[in-house]
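Order as written gives the chain letters A, B, C and D; numbering starts at 1 within each chain.
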Amino acid sequence: MSSSAPASISSAIANRLSPEACLQIYDLMLRARVLEERLITMYKQGDGFFWIGGPGEEAFNVPLGLLVNKGMGVDHDYLHLHYRSAATLLAMGADPVDSLRQMKNVATDPYSKGRNFAGHFSKREWNVVPVSSPIEVQFSIAIGTARAQRAGTGAKGITIVQGGDAGTAEGDFATALVWSSRKGAELPLLMIVTNNRYGISTPFAGQHGYDQISERGRAFGMPVAVVDGNDPEASHAALAKALEYVRTERKPYLLEAMVSRLRGHSSASGANLAKEEIDCLDKFEQKLVERSLITRAQIDNRRDVLTNELAEAGKRVRTEPAPDPSSIFDYVFADKNHVRGES
Amino acid sequence: MSSSAPASISSAIANRLSPEACLQIYDLMLRARVLEERLITMYKQGDGFFWIGGPGEEAFNVPLGLLVNKGMGVDHDYLHLHYRSAATLLAMGADPVDSLRQMKNVATDPYSKGRNFAGHFSKREWNVVPVSSPIEVQFSIAIGTARAQRAGTGAKGITIVQGGDAGTAEGDFATALVWSSRKGAELPLLMIVTNNRYGISTPFAGQHGYDQISERGRAFGMPVAVVDGNDPEASHAALAKALEYVRTERKPYLLEAMVSRLRGHSSASGANLAKEEIDCLDKFEQKLVERSLITRAQIDNRRDVLTNELAEAGKRVRTEPAPDPSSIFDYVFADKNHVRGES
Amino acid sequence: MSTMIQAIRMALHVGESRLGVTDIFGEDVGPPLGGVFTGTQGLKTAWNTPLDERGIVGMAIGLALAGQKPVAEIQFCDYAFNTIDLLKIAGNTYWSTAGDWNVPLVLMTPVGAGIRGSLYHSHSFDAMATRIPGWKIVMPSTPRDAYGLLLSAIQDPNPVMFLMPKALLRVKSKPGEDIPGEPGDDKRLAMMIDAPLGDRSAWKPEWPDLEELYIPIGKAKVVREGSQVSVLTYGRNVLMALAAAEELAAEGIDAEIIDLRSLHPYDWDAIVASVRKTNRVLCVNEDTEITNFGEHLIRRIVEELFYELHAPPKLLAGAHIPGIGLADSLEMASVPQTAGIKAAIAELAAHEP
Amino acid sequence: MSTMIQAIRMALHVGESRLGVTDIFGEDVGPPLGGVFTGTQGLKTAWNTPLDERGIVGMAIGLALAGQKPVAEIQFCDYAFNTIDLLKIAGNTYWSTAGDWNVPLVLMTPVGAGIRGSLYHSHSFDAMATRIPGWKIVMPSTPRDAYGLLLSAIQDPNPVMFLMPKALLRVKSKPGEDIPGEPGDDKRLAMMIDAPLGDRSAWKPEWPDLEELYIPIGKAKVVREGSQVSVLTYGRNVLMALAAAEELAAEGIDAEIIDLRSLHPYDWDAIVASVRKTNRVLCVNEDTEITNFGEHLIRRIVEELFYELHAPPKLLAGAHIPGIGLADSLEMASVPQTAGIKAAIAELAAHEP
């Protein structure tokens, strides 16, 4: 995934991670997958009104979560994610049960207190900027956190923004390209496009004038790369390289990850398995088995354990209270400047 | 101005136009310049509230007006211009006195009946789409007239859209790039950026990540070119080439013209002469004198004649009626479908 | 007996096959999906756009200027708020050019709450839309009105916004409110014009032969005659107001329910006639309650009919909060519900000057 | 004696030198121009952005989230209509995250008619702004209020919109309304803080040492006490209403003029007190008259104070047309003028129940 060469030729050997790293990534990928499956089950059982998430993006989103400089404030990385980022949050250490709470829209949902859809994360403690439903606006907002971290400020963190392929047609994507690359005022911004080749029902083909969206970064003088987002080792390497560049150069980088959409767009389209898509989890399991880092039995057992854990958690969440009707008037105006550390 | 080479190396010889063509272009450039000077004088004498226009763009805008396939409907070219396009309109045959009328905001102003600023043209008879003040929106609207002329429709006209350099930072510029280059659904759209290296007071340097804005077209697979907009022959050649491509291929083309801003941004910044800028009219006069196509005496005489004509016209326009207050309620809703030929 | 979304689809079919509609477009509007609510399935001029609302509105304006007849969709009105400047241009072009260029386009977009859509699938657009001069704004509450208003919108030489009450899209028409030409049997209609699940590449709709029906823009409909209170409403709230009125009838309270159908221009004569009769007014809509279209109606009623009023006019609207929360309890508390409408009508009826 | 634009510049200086303002930005906000109205000349944190309003608003939100204190400018509110979705996000983030992230930013933008600005330099923004929950909205009518409201906006942990009445930016403050610390002599002040014409690369402002002054957001000001009619207005129309009231005083009509100053939250107590006293209400603003903020005020007054009213409340606002025409005759006919305000007050005063 060098800035000139396509993903395919990136040497698999070069990207190989240690057995420990592989197993850590695998376990997080599995946790993320099991979480999404639980959320879909909850939806189908009427324990939530709408599901949207990231099954098929775990191989890319888990390494992203592991490579983040996690924390609060400009010395850590700001994350402007979208609604397929559960794996990234889990890799950062989020409690999957909190996702069940948001799905069930109970008052205990820590991300929105039952106000927002599943996958709409917000965690100031970790610089996870609120996920909002409008496509691509995060690209216009990310330039602001990035400016607070620009060269000369001494800030150690950078800003990472992520969105889908279809969304790059919004002007906000161009806004991020233009504002982050101004000569002499470049921003430490990693722009990630997770390309699953669909916008809801609309295929990539016929909506774009190029084969790879990352080509759009070249005119702005920024490094661009494409990576196989179904390969966690390649993704880890591509992310490490991109992050290294942005951290040291304090300049923008555009990374495109080719990923799968395993359960279709959302519950609105049925959330059924898309058999034609590559399953990064299957692929990685095979690899780990071939490398004899894990056995089928261990895999099946681990999956059962995690599945049962979340099934039990789901039952508990069912018993948690719905938000109070009068709470709709809470949090319209702040009386403290929380983002400035007041509390 | 080939899609790879910079403007500079485009051979002057190759671009040479016939004496007749040169003199026609020169006379139109002069008419346009004299018109702008009259408008500025009107502003300074209190015969108008605001001036904005195109002194310094005549060498590019006149050839544009001459090369347009002028007329009404999809078999002719649609023009989505901005507020510096008087020279293009004059080259198409517009009456300069109508510009004085809009400047003086009298009821006889054919473009807006005293409602809009100078330079805000509208002429359905010639497919001149209304110029509106918001920067860059014409790029989002132009894709619509272009779609009505796309390959397969049999339409003979194409769509031409023009805007400034700073305005390309708006998402609408990206919208035109994305929508016009969709594979299999390309649009016959010539996008022109007249780059005067300023947005009001803000210099080009420091606001962009590239040296030439036209670079942004490459990722979309469209031909791009840069031309010296102070050279009418080079501009004529660059436009002829671009138009030829769009007319035959029915695909988009991005042309950047480097132009001067001879009177600053507008009357808001004084409309005084910017001595540091190249004056395309002076340059072309020298050339024509060198080629002995015209004499200094003829030039001075011609300028006097045109100046006096417009001075006289300005006096007449002063006597024309102001719009009636009650007319503010006219033309809120149409009762006929004019754009469909009803009248 | 069709649903509103089927009625819209049939109107678009008539539009593209007989009324000169050239382009029906938006995100996921073309095959294979035919719209997130199925409104554009099986239409021959329907196509998918890039994910760019500004491009969609710009495309519609440009097509209109080029003498085409575009019908554009913004997938949810929640996502139209980055295009207000372009909507204003569509509305001001005829005026700014003093009659040179009119802009005949139709913009469709689903609005309102009622589907547990959380912050970004619950917005209303009526207050925003009525603030944009040069547009005509319509919003049906029945499939038949949807069909007739959409045909009128397509024929209009001006920009017309067609607001689709999300919660009513799958509600079936009442007996006697058929669309002229549709088969009486709704199973049959579904077989004919609803795309099958799964692969549809081979599917073609079989259109009933429909007659044209034009509901004039600017005419309200008295959906329930009454003598004591005038309820001025539209879209989803019409059904709630009717339900409330029926319950109140049992209690001897007689409310008149007016479905405005057109928000701009609106039917002032119908409002005046009703207020002169009942002397009491309730405006109901789902949009947030500060700078709300119902407040315009009340302001004008007060200015012109002050001495006709036997009680202070009342507005029942959405809470003035930044969003509509996902949880049942939150959505119900955020926008008017039948019980609240019933209480408001009863209070007004009981009010003695 | 400063002008409003000088007062704004001085407030921004206090903001960046004492109150933690980190970024003042927008189109032509930085050197050399320092703002199309000179509001940001000589400020050390002022910088020029690309010509992209969406980027400007997004930048402001992002900076706020990162704990900075941004003051962003949209050059004319006429050009903010492609950012409404982002303004809504600034307003709903604290709510949607149930208190996790507040968004402390200030957005300044010039509004209103009065300078023959034609279609795109005459827009009002008060109706649009009051429709976006989660924002505080202020609009001064004097230099001193501009100074004090802007300092309060900078200190507020929420998004605050600071609407600058274009026509008043160069109006000088009245005696006794000085900004604490400014030199009495206005020539002197100009010498100190106005950038010279021509080359300014070497110029540095000499700031007076200013005291902080906070005009609380949410408090109106009774600018003229009166007994017969309450005029609720703000911005440019305050001066017109005062002029009208002075003329009417000579004719024995005694109007009370209330400058709301804050549009959201607004000072309901002040309104109630005035209406209880005068029993007659006139709302005046320049925004288009359908779905207008003045209609909200009238709706609430009617709902809560119906029996206090001795005359139908009246709204004087901009004509509901797609734009404001350039010609004198057109602009004057499109928005309220002193004569019209005077006539409306007189009519209300003369009205007998």
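Going forward, a contact is a pair of C-beta atoms (placed from the backbone, for glycine too) under 8 Å apart; a residue touches a chain by one contact, two chains touch by 3 or more.
Keep in mind that this is a model prediction, so the values were computed, not measured.
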item: Chain pair showing more contacts of the two, B-D and A-D; value: A-D
item: Farthest chain (mean CA position) relative to chain C; value: B
item: Distance from the mean Cα position of chain D to that of chain C, given in whole angstrom; value: 34
item: Gap in Å, rounded to a whole number, between the CA centres of chain C and chain B; value: 41
item: For chain C, residues contacting two or more additional chains; value: 50, 52, 54-55, 79, 82, 85-86, 94-96, 119, 133-134, 321-323
item: Overlap residues in chain B, where contacts from two or more other chains coincide; value: 112, 115-116, 132, 134, 169-172, 175, 178, 182, 206-208, 332
item: For the chain D and chain C complex, residues of the former touching the latter; value: 54, 79, 81-86, 88, 91-92, 94-96, 119, 127-128, 130-131, 133-134, 264, 288-296, 298-299, 302-304, 306, 311-315, 320-323
item: Chain B residues touching chain C - in the complex, by the definition given at the top; value: 73-74, 78, 111-113, 115-116, 120, 122-124, 129-130, 132, 134, 137, 139-149, 159, 171-172, 175, 178-179, 182, 330-342
item: Parts of chain A lying in touch with chain C, wherever the complex brings them together; value: 49-50, 105-106, 112, 114-117, 132-136, 166-167, 169-171, 199-202, 206-208, 268, 322-329, 332
item: Chain A contact footprint on chain B (complex, rising order); value: 169-175, 177-178, 180-186, 205-210, 215-216, 218-222
item: Interfacial residue positions of chain C with respect to chain A in the complex; value: 27-28, 30, 32-33, 36, 48, 50-55, 78-79, 82, 115-121, 319, 321-323, 325-330, 332-334
